[in-house]
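Each of the next two complexes has subunit A plus one more chain, namely subunit B in the first and subunit C in the second.
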Partner chain A sequence: MVPANFFSWLWDKLNVFATVFLGIFVEAVPYLLLGTLASGLVEVFTDRDQITRWVSKRPVASSITGAMMGMIFPVCECGVVPLTRRLFKKGLPLSAGISFLLAAPVLNPIVLFSTASAFGWADMLFWRFFLSLIIAVTVGLVFSVEKDSNNVLKTVFDSHEHEHSYQDKSMTEKIRQAFLITVDEFFDMGRYLVLGTTLAAGLQTFVSQSTLLAIGSGPILSVLIMLLLAVLLSICSTVDSFVALGFVGTFSFGSILSFLVFGPMVDIKSVMMYTQVFKRRAVFYIVAIPFMMSLLAGLLFNYLGK
Partner chain B sequence: MTHRMARSFQGLILLGLCIFFASKAINGQLTWYINARFIPLTLFGILFLAILAQTVFAEVRRSRAEDSEEHEHHHDHEHSPAGLWVMLIPLLIGVLIPPRPLDSSAFTSKGFNTNAPLVSAESSAQLFETESEERNILDWLKLFNYNDNVTQFSGQQASVIGFVYFDEALGENQFYVSRFVVSCCAADGFAIAMPVQWNDVATLEQDAWVQVKGRIEAIVIDDRNVPLIVAESVQEVPVPERPYLFP
Partner chain C sequence: MKQTISFDKLAISILLILLALVLVIIVWGESAGVRVVADVPEERGASPYQRIKITFSESVSTEMAFDLITMNPVHEAYLEWTNERTVYFVPVKPFELNKNYTLTVSAGVINASGGEIKNPRSWNFFVREPLVAYMFTDANQSGVWAIDLNGGEPKRLTSEEIKVLSFDAAQNGDFVVFTTLNENGGVDLWKVNRDGSDESLLLDCGLDRCTVPSISPDAKYIAYSREVAGPTPDIPYGSPRVWLLNLENSLNSPVYADPQVLGYNPSWSPDSQKLISFDGLADLINLFDLSTNQQFVFPSNTGGPVVWSPDSTKLMFTNIRQTEEGFRTQVRLADLTLNDTITLIGQNDEQDYGYYSLAWSSLEERAVMGFRLSEEQPAQVLWMFNPARLDGILIANEPEYTYNSPQWDAWGSTLVFQQFRLKGVHAPEIGYWQDGFDAPKFLTNGILPQWLP
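Moving on, here comes the complex of A and B:
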């Protein structure tokens, strides 16, 4: 009797896993396609000189520019990784690229409107954007100390590849090349999306969220639980505010804010994708600094009222 | 894996994903995975995957034609076969595991609620104007959540659709009629439920989809006002086209 029960239990779990997995995957693929398409277009239609002309070499200016670039390239956390990698290849300074990577999933028009429609044009919206900007610029500045980008970036692009000129090619040829790059990037990043989604769906199937939420009371623990949930849920930044809305009433302003700031920067699938672009030590800083800062921000709000 | 083989393989996977998504769009099962308002985005994905697959197949044909001439110098980075195989996982999961919307087997990890703290109070105002029989489970829970005087709803006629969930905490002739609420995708889904009073619970099975009609009665569970349906009829219905509620 016991084995039969066990198998039906396992079968049920497998079904939950499959549904959650496909949920995240179906939701993320169009965004990943958009991000990789942007990367393909950048590769074909811009050259190194343009990028270096647009972005200042001075750390502060370059970090702020990077953080605000999401307003022009509206990408979420799946799409931003391939695009950032491509921009690095095109000579974008390290600090600008890292600020872009962290800020773009929040500081873009789509997320602006989705947050506003969930929380109104009020405090939550302001603090979400302000804190994301501050954290992204801070991490950008930390990386501006590193002068040799080879210590931070993985050399994924073959050396024979970088002297490429698409200038004299016809429009159709350029688009064809851009699409082929899109395909390569889609597969490159897609496998990390798949691995991250597998992990997230597996955790969601076996870790009880209700228990997690039940222990999540108190000013410190509630922030930690929300940060953990942000990583665990791995939902797209374009819609996470609607999910966060579900926690209003159960969780404090500070805890939900930390969820909304940290989630777009770090979750299971984005960290998987980061490992494809950055060396391990760099990934550690990209995860740890936003974590500490989001935690701190959540705690400040919880203790100083709100 | 040679470059051309890798390219062909890429094309096949792109085509496979395109067909898989398209089949889900056609049979209406996309809403088993994502909130309906993201369907246009998926449709864009289907179209773009088709274009990319076509581009890749054209490239394969071109490289085959060029092969007889000079050996070509490839610009693209090499593909590790492992990287390509990983992209087969979603297709395998989609094809091998029979599709099934979230049901009570997800309760152990996702939990379920008899209250709905998810929308601001203003939006419940318009719910007063909707016909009581038009309200779904989410609407009822919202009404009970954001109104102090819940006895005003007692006696109203309700008609809701959901799946059956038996909970030990409930009384003998009672069960929950439950529904998942999905904001974005199945990953953020959480279950909400209304208790139902019904004399014939023995005929019902866990997770069966039913339409419950009856009168609302305000009861208290764990210090919270909860709408209970005193059922006049409980009818088995097929799985609704959209199994989740979208807030």
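Moving on, here comes the complex of A and C:
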């Protein structure tokens, strides 16, 4: 026998799930659209030679360039995945692409101003940008050791899509092609956005945020909980500062900083999309290294009493 | 294949190194116990009412923390918690000048889960010399200046290209808020630090006029008077209403929801809980209690000044009453604890003394008031008196001068005021008086002096 109040409980939970799902999805979709649009434009209006010319082959320079590319392509974590995939296809070095993937959601002008609006032109802004840069460059450098990108990128990626030349086409045709690619890629990546959003909404529905916050005291647990929340909430990096602002007072500087650094790099929906671009173990490193570095930074700030 | 292995090896090595670092930091951090940091201006000196922020590295129990926080020499204060990790040490009386203080957070258990401060921490500080901020017009451009009482050079705080209309100095002495015209013809609120640094726009009022700012003593709010621009330039500005700008979250809204309640000349009680403003249309002083959202009114037709007793329970203000012999200015005293208002001075005056320029010091028994010695004389003198006993002495009564706008320093021992020489063409001056002076002394040329402690 199912208890009578089970259905009422389930109905409430479904309502919460639908609200959270729509909240995350509606917030993310425009950015995914912008990212895929950028991807389409990159495909049509740039070629391999240009990318090779712009980005250094040297690992350190390449990683730093990649990490700073967000200033030119201001995309959040949803839009950055299809764009990075396209840039890889156009010959972007692995190290630059990985650094771009991890840093662009933070190191871009929009997030710069949104973070400054929430926390002022002060410590939080500096450390968020500095740590995001350091983590992105570090992971980029680790990936630079891998000389054959096919070992970390999905094989379907290269064999399936061919290098097209759009140089001879008219501007109207180029724009049409860019939109076609945008639509294709939007639906391709959109599936993973839906899947990731479903998971995030499910977890948020059944794992109470208030429970997490209640156990999140102390220098270690507070960082771990905020890292978990960053993954769970899956908030777009353009608005996550304002959510983090609500934690000021309850959580320490270090734990909020780790939330702001790790969240834009890794959350449920972005991990789902990463699996479309990278092989499993590459996804593991892309998640694990930023996690450990964010944890380390959060702990250091907490123990130093910041 | 070889390269793939080296990539994996590198990635896993990095992860292991990070894991080791995390463990080392946890061991090191846990062995050091709960850390504590206090925001104490050890080098530059503190203000007499310095609120000292103490931050713990983890949540603490307010009761346990209370036992561990001490000040030497002992100073009357209370602890104001903003969250479980942050507390302010708030002095009730001003810290004394020329005295060194030590704030100590002792070792001990500080929360229910056994978190312990293992290393006691101490911070030393002294109280800095107070400055006097004032307005001075230099080359037709009025600005806010600051000077000390020891004969130092005056320093311009606001930049030369900004024309200041009015200003207020924070009680903590850290900054000044001032008003200036904007390009739309409105008046904006600006802020500048006590050393003239970080001059910045605080509130863009667009076409509206935001004037006479008043900073709450805890420096959390700015009350100001706002006149809303008409829908078209030929329609006059609306009546002034009192607005409140929250400096912590930038929320900005009228104090009174009722648009019929007008407000000018806002001022604060010493506890930052009560806001006074003057409604010139209704001839009322409005008092809004922020802690209870209650509103009180006191009939007055002079518009101020309103001054508070140091414990924020009594307020003095002036009112003009018509008698059979003519108009008489009176000083009224409202006691909020007794819910009673009495005429303190001027109940049976045979002539109008034009009482004005009130100031109540941080000492309950010390206030000052300006008045005319006789109806024939335009000059105002300053009389220091005890509001409870109504006895006092004249402290500024040079016959060729008139005095107004008195302001007590944090300790109630020095008074600055504005003085005008009555005969001839002279620039307005700022004078001061201290315990032991026979007569006031000249400080500098300028108007509207305020302490910048």
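Definition applied: the second predicted complex is superposed on the first by the 295 of 306 C-alpha atoms of A that agree within 3 Å, B and C clash if a C-alpha of one lies under 4 Å from a C-alpha of the other, contacts with A are read in each partner's own complex, and residues count from 1 in each chain.
By definition in this document, contacts are C-beta pairs under 8 Å (C-beta built on N, C-alpha and C of every residue); 3 or more make two chains touch, one makes a residue touch a chain.
Computed from a predicted structure; not experimentally measured.
Visitor: After the match on subunit A, would you call subunit B and subunit C a fit or a clash?
Guide: When both complexes are placed onto subunit A, subunit B and subunit C end up clashing with one another.
Visitor: State whether A:F45 touches subunit B only (first), subunit C only (second), both chains, or neither.
Guide: Neither partner.
Visitor: For A:L299 in the superposed arrangement: first (subunit B), second (subunit C), both or neither?
Guide: In the superposition, A:L299 touches subunit C alone.
Visitor: Classify the contacts of A:V145 with the two partner chains as first (subunit B alone), second (subunit C alone), both, or neither.
Guide: second
Visitor: Please indicate which partner A:A201 is in contact with in the superposed arrangement: first for subunit B, second for subunit C, both, or neither.
Guide: Touch partner of A:A201: subunit B, not subunit C.
Visitor: Which partner does A:F113 contact after superposing on A: first (subunit B), second (subunit C), both, neither?
Guide: Neither: A:F113 stays clear of subunit B and subunit C.
Visitor: What is the contact status of A:F7 with respect to subunit B (first) and subunit C (second): first, second, both, or neither?
Guide: Touch status of A:F7: no partner.
Visitor: May I ask you to decide whether A:G218 touches subunit B, subunit C, both, or neither, giving the answer as first, second, both or neither?
Guide: After superposition on chain A, A:G218 lies in contact with subunit C alone.
Visitor: If we overlay the two complexes on their shared chain A, which of subunit B and subunit C does A:R281 touch? Say first, second, both or neither.
Guide: Touch status of A:R281: second partner only.
Visitor: Spot which of subunit B and subunit C makes contact with more residues of subunit A, would you?
Guide: Looking at subunit B versus subunit C, the one contacting more residues of subunit A is B.
Visitor: Check the residue A:V29 against both partner chains and state whether it touches subunit B (first), subunit C (second), both, or neither.
Guide: First partner only, subunit B.
Visitor: Please write out, lowest number first, the residues of subunit A touched by both subunit B and subunit C across the two complexes.
Guide: Of subunit A, residues 249-250 contact subunit B in one complex and subunit C in the other.
Visitor: What does subunit A use to touch subunit C in their complex?
Guide: Touch residues, subunit A against subunit C: 138, 142-143, 145-148, 151-152, 217-220, 222, 249-250, 252, 281, 285, 288-289, 292-293, 295-296, 299-300, 302-306.
Visitor: Can you name the residues of subunit C that touch subunit A in the complex?
Guide: For subunit C paired with subunit A, touching residues are 3-4, 6-8, 10-11, 14-15, 18-19, 21-22, 25-26, 28-29, 32, 35-37, 55-59, 82-86, 113, 115.
Visitor: Flag every residue of subunit B that touches subunit A in the complex, lowest number first.
Guide: Listed in rising order, the residues are 10, 13-14, 17, 21, 24, 30, 32-35, 38, 41-42, 44-45, 48-49, 51-52, 55-56, 58-59, 75-79, 83-84, 86-87, 89-90, 93-94, 97-102, 105-106, 108-112, 117-120, 182-190, 247.
Visitor: Considering the complex alone, what residue numbers of subunit A touch subunit B?
Guide: The touching residues are 12-16, 18-27, 29-31, 33, 37, 120, 156-158, 161, 164, 176, 179-184, 186-188, 190-191, 194-195, 197-198, 200-201, 204-210, 213, 233-236, 239-240, 242-243, 245-250.
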